[in-house]
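In the two assemblies presented below, chain A is common to both, partnered first by chain B and then by chain C.
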Partner chain A sequence: MAMTQTGRPTQTMGGPRPAVSAAKPRRKWFTWRKSTPYLLILPAVLLELLIHVIPMIVGIWMSFIELTQFFITNWGEAPFSGLGNYEIALDFSGPLGWQLLRSFGLTLAFTLLTVGISFGFGMSAALALQRFGRGRGLIRTLFLIPYALPAYAGIITWKFVLQRDNGLLNELLMNLHLTGDRPFWLIGSNAFVSVVVVSIWQQWPFAFLMIMAGMQVIPDDVYEASAIDGANTWQQVRHITLGMMRPINAVLVLLLFLWTFREFNTPFVLFGPTPPESANLLTAHIYNSSFITWNFGLGSAMSVLLMLFLILVAGLWALWNRRVNRDA
Partner chain B sequence: MREQLSFRIFRWVVLIPLGLFTLMPLYVMVTSALKPLPDVQGPFEWWPSNLTLRPFVDIWTTVPLAEYFVNSLIVTISATVFSVIIAIFASYAISRYRFRGRGAFSGVVLSTQMFPGVLFLLPLFLVFVNIDKALGDTFLYQTRLGLIVTYLTFTLPFSIWMLASYFDGIPRDLDESAQVDGASAIGALFRIILPSARPGIVAVAVYSFMTAWGEILFASQLTNSESRTLSIGLQNYSTEVNVYWNQVMAASLVVSVPIVVGFLILQRYLVAGLTAGAVKS
Partner chain C sequence: MIPGATVNSSMHFSFIFSEQNGGSAFDTSGKPSFTSQGMIDGVRQYVDLLSKYKVVNPSAAQYSETAQAAAEFARGDAAMYMAQTSAINVMSKNGMQPDQYGIVPIPAPAGKQPIGSFVAGSNISIFKNTKHLDEALQFVKFMTSAEEQQILNKAYTSLPAVTGVPAAFTDDKEKLDAFTTILADQSKPLPLISGIQAFQANVGGAVVGLIGKAATGATISDGDIRSALEQAQQKMATTK
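Moving on to the complex of A and B:
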């Protein structure tokens, strides 16, 4: 993995030992010109080591020790447990492994729904606003507001909307006579619907923004030429817009997937630290397992598994993307 | 060119429901912030029957909102400024030089961006607690300094990645000719690149600010009553029996307005800055 190699730039900066350069005095091992890029990235490399590489190594190490509440402040004494934490996490017949598997399946469903619908919304809105004329800028701005809003402000407003007795949603359902009784949206199985809807509300403007920007790259004369050839709007959408957007869409869907799969804000603000079972997304589950029972070893093992899964997804995506590009 | 009727129908079938979906919570936020408490406790009122500005006064005393605000400002601005400055140098190197380790470095920067925050939260928590224990004082655990460090975990890689692609869009001839004329690499960066990259730098700074301003995961464990930021503090408008929904909405509005207005004013830069990177990759 690339992570372990960050140390390299700083090491290469020193170049060969001075002893070597003494033997060949004409080839200086250190020149300002050659070392400029290393000096430029040095602060970033040091900081990356401090905030990413070292915590990551510590995190992986934590997953191999029995780091329970007794050892949080004297972690050096926590007993080594080998793959013990992983065995617990992946033992699907045990209660903890079963909960993890359940949470994983739930998160996958949540992610596919959120990404699919957000992408669909973004694409539809971008298409609808193509050659819209006056008012396009205003509508675009309105659509982007959820994206600009701080996450918690948007989600906490939804929490109010979804309240059983004084929320907007149930009032609307009652006014339309769609339900006889006020359903609960933040507990029970409806919580899943709520968390999907709220995260779509936050995600789709980003998809919309990226797709809009991608569409601007397509030159106008492509459309004009096809119009002369007699293509109607739908044919243009299918053959030109969607066709030329494919590379951007591929990147966008991957990004949305990776972000959505680790979503934490929505369940945390909607339900508090302990979400109902139907909305117990993976990051929230790991968070809970770590901070409520203070079992950091198990929490780290689950984080590592989550990371491995995301790497696997990104890797498969890269393979697929390369093959599609080669065939095209 | 004429558009077909079906496309014109599609346009409105898409835009109207999406508009309602997007704006509905915003409508709830604004109108509920103007209602007295009893009116947000009963069934939802579509139109406020008793308008009041009282919640906007009360929000500052129900919880120490001003303190949360100051904490959020300090943490967010520090993380943003620090990561943008470091990113300017690193991105310049990535964009203008081919050197050994370049691929590895940008690989790390890109990959850490997609890793889940919880992966970093647990080790940072542990490291902070133990550093503080070793030093015999609280420097990092649940302090603003500690929170700034954790916020760099996402603002820094993001800033480097976005700025590097922005620098790539600036013609090389510009800084190369400056270097031929005798300017150093740093001179070319400051005199040529930075002035023409101003929109990109503004975009990166605003995005870092926005992400840090809305961050919840780290703030939920790594702040205490003194270092509490808005993202967690906003959830304190409730007692055992009561949630002051009108105040929650008023406070949400107050903490959102500066961000949303800033975003809308700078929208053109931001969209260009963000998509420059994404479209290219």
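Moving on to the complex of A and C:
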């Protein structure tokens, strides 16, 4: 506001309301400018509540009641059991609890292997494809096919490939005289290898896609500058590529971990509802010991425990990431 | 040929063979008695087909659906196949017509009870809190009427659930008679308890695990069978 020589203040900024000398101007409670952002996200919030949040809360509620086949038609009548379902799930002296613990360990090993190798493949492929001139688009499309394929179609095909008597894998091994007799891939201890391989086959194109996208952001002159300074390729990869992609890689690894830990389709389609001991992943185990016997209360309790673990992992990641961001 | 990794088939054959051995899955008060000697002998008999007598291809331990086992038989890769009447449908879809195979009751070893099957099937129920009781009852009457039973059982190649309706799932009279006789003389009913689904999942799952172990070459001792059935029985306790 500028003071003119006559002493009367003039408004230099345009405003919606003229300056009133005596009364304080009334603030409008609802303006389109303030409300528009909220209105725009309202449909998304409603759908998110409906599809994600409310079913999750219902699921958590289910874990505190004995929801069996007798109460399916009227959930409200199911008896409240407090932490009863959790006690059964965590009773490590009973068969259910002990198998849950074992499944948890197996799933952790499965997830670490799958995420590690998928990330490695994705990074290698992205680095290799950077130097590619022609044919890059074709190769990229080929690499993305496993990820684009409908999950069940791909896994059922793998199930045929891994059959002992007439599966493609054993045919190959026999023809190349690599082993004496045909091994089992869908039962026994090899089942773990099978489920890891099929998971990696499905997941690594996603890692490849994200890493490739992340690499585009790094400008070329950084590489040139480092080359002038005498950095070799490995040093470039380590310090420039990995260094500058740290935030993207952190998010990618977290996503892959959460998705792989919850993986259900792969063991269920490969092995049926009763997976072999070596591949009894957590989600398949939860299905097998609760939902298949219509004991939804117990299943929900185990699922809530799974969720708590994943929240813990995500929380630890967030803490570590803040430190990373501060340092970077 | 057996569908080795199929949970419900594993339960069925465990039940049949345990009845042959005089055992019973549930005692008179309805409590599970999976560790009774008869049950253990029955499961032993089933698993031995693969592990001791080696008359079953170990690959059967991979078949998590009965359709896979039926396809093996239809292709001619197995000489015998233990199945229900519904297999007639599956095999004709795989190209094997009823005149290409014969049907006999599942035999019992010498000195054991001649039980070859059990009586169970798809059920129809009316919910306690239904608002349309009359309509529901009418529907049940319709589904169990002689006319509708004939239509249904022809389509699903199954045996009628009501008396007075002749079996008609195939045109071959010998096969019809074979199954009717089995149903009348050589079947035991599956126990009518509320935990029957849990029984199937737990015992079936335990036996699938044993078959899987046997297929990969491990020897299955009586102790293995007993502990597997014990675990199944403990799991039953968690589902009321």
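Annotations
As a convention for this text, the second predicted complex is superposed on the first by the 294 of 328 C-alpha atoms of A that agree within 3 Å, B and C clash if a C-alpha of one lies under 4 Å from a C-alpha of the other, contacts with A are read in each partner's own complex, and residues count from 1 in each chain.
One rule holds in what follows: a residue touches a chain if its C-beta (ideal position, glycine included) is under 8 Å from a C-beta of that chain, and two chains touch if they have at least 3 such contacts.
For clarity, every value in this text was computed on a predicted model and none was experimentally measured.
Shared-chain residue A:165: touches chain B and chain C both.
Once the two structures are superposed, chain B and chain C can be ranked by residues of chain A touched, with B on top. In the superposed model, A:95 lies in contact with chain C only, and not with chain B.
Contacts of A:47 after superposition: chain B is touched, whereas chain C is not reached.
Touch criterion met: A:56 reaches chain B, while chain C stays clear of it.
By the touch criterion defined above, A:276 reaches chain C but does not reach chain B.
When the two complexes are overlaid on their common chain A, residue A:307 makes contact with chain B while staying clear of chain C.
After overlaying the two complexes on the shared chain, residue contacts for A:233 are found with chain B alone; chain C is out of touch. When the two structures are aligned on the shared chain, A:151 is found in touch with chain B, with no touch to chain C. Common to the chain B and chain C interfaces on chain A are residues 73, 163, 165, 273. Per the touch definition, chain C reaches chain A in the complex via residues 5-7, 57-59, 61-62, 64-65, 127-129, 194, 197-198, 201-202, 204-205, 208-209, 212-213, 215-216, 231, 234-235, 238-240.
Of all residues in chain B, those touching chain A in their complex are 1, 3-4, 6-7, 10-12, 14-15, 18-19, 21-26, 28-29, 32, 40-44, 46, 86-87, 89-90, 92-94, 96-97, 99-102, 104-105, 107-109, 111-112, 114-127, 129-130, 133, 149-150, 152-153, 156-157, 160, 185, 210, 213-214, 216-217, 220-221, 230-231, 234-235, 245, 248-249, 252-253, 255-256, 259-260, 263-264, 267, 271, 274-275, 278-279, 281. Across the complex, chain B is touched by residues 2-3, 5-6, 8-9, 12, 36-38, 40-41, 43-45, 47-48, 50-56, 58-59, 62, 67, 72-73, 75, 121, 124-125, 127-129, 131-132, 139, 141-146, 148-154, 156-158, 160-161, 163, 165-168, 170-171, 174, 201, 205, 209-210, 212-214, 217, 223-224, 227, 232-234, 248, 251-252, 255, 258, 262, 264-265, 268-269, 273, 283, 286-287, 290-291, 296, 299-300, 303-304, 306-307, 310-311, 314 of chain A. Contacts from chain A toward chain C in the complex involve residues 66, 68-70, 73-74, 88, 94-96, 163-165, 184, 186-189, 271-274, 276-277, 288-289, 292-295, 298.
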